[in-house]
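Letters are used for the chains, namely A, B, C and D, taken in the order the chains are written, and counting of residues starts over at 1 for each.
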Amino acid sequence: MSKIGIAVVGFGYWGPNLVRNFRASPEFDVRFIVESKPNAQANARTRFPEVETSADYDAVLADDGVHAVAIATPTATHFPLAKAALEAGKHVLIEKPITSSAHEAQVLIAMAAERGLTLMVDHTFIYTSAVNLIREKIKSDELGELYYYDSTRINLGLFQADVNVLWDLAVHDVSILMYLIDKKPTKVSAHGIAHVNGHPENTAYMSLFYSDDFIAHINVNWLSPIKTRQTLIGGEKKMIVFNDLEPTEKVKIYENGINLNVDEETSDKLKIGYRLGDIHVPHLETTEALAVMAGHFASSIKEKSEPKTSGQMGLEIVEVLEAATQSMQRSGEPIEVGGVN
Amino acid sequence: MSKIGIAVVGFGYWGPNLVRNFRASPEFDVRFIVESKPNAQANARTRFPEVETSADYDAVLADDGVHAVAIATPTATHFPLAKAALEAGKHVLIEKPITSSAHEAQVLIAMAAERGLTLMVDHTFIYTSAVNLIREKIKSDELGELYYYDSTRINLGLFQADVNVLWDLAVHDVSILMYLIDKKPTKVSAHGIAHVNGHPENTAYMSLFYSDDFIAHINVNWLSPIKTRQTLIGGEKKMIVFNDLEPTEKVKIYENGINLNVDEETSDKLKIGYRLGDIHVPHLETTEALAVMAGHFASSIKEKSEPKTSGQMGLEIVEVLEAATQSMQRSGEPIEVGGVN
Amino acid sequence: MSKIGIAVVGFGYWGPNLVRNFRASPEFDVRFIVESKPNAQANARTRFPEVETSADYDAVLADDGVHAVAIATPTATHFPLAKAALEAGKHVLIEKPITSSAHEAQVLIAMAAERGLTLMVDHTFIYTSAVNLIREKIKSDELGELYYYDSTRINLGLFQADVNVLWDLAVHDVSILMYLIDKKPTKVSAHGIAHVNGHPENTAYMSLFYSDDFIAHINVNWLSPIKTRQTLIGGEKKMIVFNDLEPTEKVKIYENGINLNVDEETSDKLKIGYRLGDIHVPHLETTEALAVMAGHFASSIKEKSEPKTSGQMGLEIVEVLEAATQSMQRSGEPIEVGGVN
Amino acid sequence: MSKIGIAVVGFGYWGPNLVRNFRASPEFDVRFIVESKPNAQANARTRFPEVETSADYDAVLADDGVHAVAIATPTATHFPLAKAALEAGKHVLIEKPITSSAHEAQVLIAMAAERGLTLMVDHTFIYTSAVNLIREKIKSDELGELYYYDSTRINLGLFQADVNVLWDLAVHDVSILMYLIDKKPTKVSAHGIAHVNGHPENTAYMSLFYSDDFIAHINVNWLSPIKTRQTLIGGEKKMIVFNDLEPTEKVKIYENGINLNVDEETSDKLKIGYRLGDIHVPHLETTEALAVMAGHFASSIKEKSEPKTSGQMGLEIVEVLEAATQSMQRSGEPIEVGGVN
């Protein structure tokens, strides 16, 4: 197989980015854009006149020149579309989140394993130079013991009809967290409000608990007047501020911290002071994450290797989101991750 | 009574600011700085050589020239110091929070009422031009129905020995919230981590629930590499960003919002879009809030009127903090406000 | 003529943007990309496989399906390429600056006038919603008498081989200035340094003088560690800060100003104080300026009307740049605009 | 002599800061505040009731307990006040700029030398940790060859009656420049506008030329809607951005620069590209510069050593300002530094 024939399913918000990146990749040959809505179909024809647009998913799956499909449709449709593709013997890339439920994800993982097909989820942040640099700093123990991960991901966003804001925005932080640290959350607690009747929660707060003193907190919102993408990672030795909206200073590493001192006046008591240090802002490569992701999908297929954002990782993320959603419905009651049925 | 004789008790972090502002006020005569620690006492003598410094609180309370005391000592000592002052017939101003427990606050409120004395809490933000401008915008319905209050108040701060970070930082947001909106929270849920053994929580997240769809969330932290003081207030018609670290653009009013539209392609479904509008940044007077607070304390005493930050308000804030602390101990279990015993 | 057949000449930095926008416009049909460098040609074929790429400019000019050419090549080549196009009876759009000298611009203007062809320069800023909003504020006298225009346009940029930094960056400010105010500069003074032997100036400062007290100053630099695109416009009643790097708050209107007061202590002397007011940040449409420019080129051709960024405007801008370059060579000696031979 | 008895002359904008810092210094004893305006005198008595306020400068100079005077009055009065003090055998500290003319400065320098008295100018920036850190980076050749110094120092400021904006604001940059680099400017060119009749220039631009390719540019303005204090220092190896309004990130060191490459397509030509690197933000001590300045004045007196901001340095700065003012009057004609009569 020289080039991987791929069909991109769904030409809404994200689909065009996938088409553009797969077309720019020397590994892929974009054979079809699959889209049934007339408006989106017309849009696809205008932007990519040289790619065939089809509304017939079954026919596309029957095409031998199609070796893989990339699914960028609403979350609820991920499972049936991916299932059909795996049944047709195609490798599958799915937009985040992998499915609407952990059960569905488990089915897809088992199907892909049986058939020796690659199942990968497009958790794009895992392919950014920023997140990989932070991961290195943590792995090399430059930050020391980790204290917390605190993320704010808010903007005036389109309300999604089928998923709440956790599945749309917090999903990014859950994937980043999973990639950065080696431990899984034991329990999750979340609060949220829908504000508009009949719609899912647009404002939500989520805390993740671990077997030790590390804590993670995620603040997501489709109703904010300002766009914010800021994550703080506090460590014993150093702390990081990751501001994804900064064009050139995305990751700042602070040599700040706390010190334990003996208080002069009450010598029996431990006093905690703080320490201010230099700040380091490493230069980051500006490669587009989606291009890296596309390359990784290609090599996972060719080398039959487990992708970094495997179906299994996608499942574990969905387990966290399911627990959070259940907690939200029970007024923040802490829910065990993996324990939602 | 021409000038109100006042004694400032405690010359730590906040005491010097009180002394400076009471001295600058034409209504007050600062008679004593009460301080027992030798270092702080020496510091008081150097900075205010013309004010008498005393370690004998009882003698100060016995002085007829002292009409009022301002208490700026650690929280745990507020109650006994204020009780003694009220018993001696003095008006009392207490640093926030009023006391360590709702019960103590109730005792002080009753004592002050019986004796016809003024009991006021120094919730300084209530006297800033920023918070008062935001209150006006809300009261005049410029923002429409309120959706949420979301505040981040973090920095590399001194760990307090006797209170957790909620009592040190979230107390500000609880007071601002209480002043801005007319409703009280029904339940509170909070999570937090201590990180250092034997010390109170330095990182905490708190959600406040109301009888309607409004939600408030407060993120406080003594372990952040960057200082943040940012509050978002989301309304149906307008939204506000209050950034207290901005020297000249503290309050920004966004004419942004959401729109309910009928989706063209699926006309049976309501689609929610957003609307971007102008931003207005009102000029704010730069009066020091503490000076306004001092003037308000004087007029409350002279006119025997209820202060804006009365003992009762102080009590209601402590009730929220007590509920939050209990929730934190019970892994985020929602606790009814006013129901902690 | 239904669609205007156009050829884009030069596929370097700017050419691809022109191709993309002319292709997205319903008024144009992009017939050719003219490019002789093999690398750039290959790049054009990859990005726009459906557009014919040619190295033979004469053949393209001989094609009757080509009604207009858009020239995006190095400045020194603008004149011969545009001259040939006008001779072939084509409408011409030229990247800024129009030519390397005022004389060349005059020749092109005369040729276009004789032949009834449209000659337009792509001074893109004139088609942005930001600059048009500022122009409205000035024209409606909202700012009062204008005091100054002060612009900083710096970054770590590619050194140009054939033109100095004034012709590359200050050209934008000169065009904006010309569009915003109704007066022309009388004299220009400039200083600059080349730093690298045999290369044109990479750092330059330019002052523009008028027949009244208005002054303009432009700071341009290819050697700055940070990118800045900030323009201050000071008026008697209001002032504007135009920061082109701000995604959502590009134009801020300050109701600040100066007041003339009588000094209390020395009543015979006029004292000047300042006044701080509200700030207003108008919402701007996010239309791409190049799309607006393309539409304007089409309507100028079809209606045979003078474009906003006409050859004449292009000439006047080049006259300012010529005077500035001469001043720079004479250590800042003020040079009359239009007086360079 | 244990403590140096000092009199502070002038209690306007800066005087109170001098009094506060000399009082906080263990080396000084503030004996008098000299002030003749009734309002300012009353203000001095309120803020420093324990310091004697006097309107009789001669009597103060006659007091043997006064060993030094600090002059913080309008620039035009510096010379007569300093002359009288030196005649009375007092050490002298003068607010910047030292005098209104180079000639006056020369007289003071000669008088101080004859009498063995310390003559120092309060160029405060020279005592900041930020400027000293930058100096170290330059002296250790970390930046490589210096290319330019480009400073913007603008805000809505009080118009001064007796000096133009160069003498009020650019004076800071001239002093910083002189301290940072080892060379003196050969020529100066400046442009400025007064805008208000009968008042000195409120907006000015100044370029400083050297015997090599280094260039400095200073942009000062009392009419800006926003306050800016930003200096860029470009070097061959590294570049610095010094933003004095940043609370914690005042000095940023960029490992950016330019590279000389051979262009692939036209191999005979040198192509200049740029290089992006890490950013380093060193932690700075937060000592108040005025306190450091006061200590340096004390040690210069006691050790009879030349202060860093000596009368000679003050003279050289005034020579630059004189040349700039003359250039401004001659429409930017380059004027030799030291050559103004």
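We take it that a residue touches a chain if its C-beta (ideal position, glycine included) is under 8 Å from a C-beta of that chain, and two chains touch if they have at least 3 such contacts.
For clarity, every value in this text was computed on a predicted model and none was experimentally measured.
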Could you see whether B-D or A-D has the larger number of C-beta contact pairs? A-D
Centroid-based (C-alpha) most distant chain relative to subunit A: D
Suppose each chain is reduced to the average of its Cα coordinates; what separation in Å results between subunit A and subunit D? 53
Would you kindly tell me how far, in whole Å, the mean C-alpha position of subunit D lies from that of subunit B? 42
Which parts of subunit B, given as residue numbers and ranges, touch two or more other chains? 276
Once bound in the complex, which stretches of subunit D touch subunit C? 37, 39, 147-148, 150, 152, 154, 156-159, 161, 187, 189, 191, 193-196, 198-199, 203, 205, 207, 209, 213-215, 217, 219, 221, 223-226, 232, 234, 239-241, 252, 254, 256, 258, 260, 264-265, 269-274, 276, 331-334
Per the contact definition, I'd like the list of subunit C residues that touch subunit A in the complex. 49-50, 227, 248
Contact footprint of subunit C on subunit B as seen in their complex: 248-249, 255, 276-283
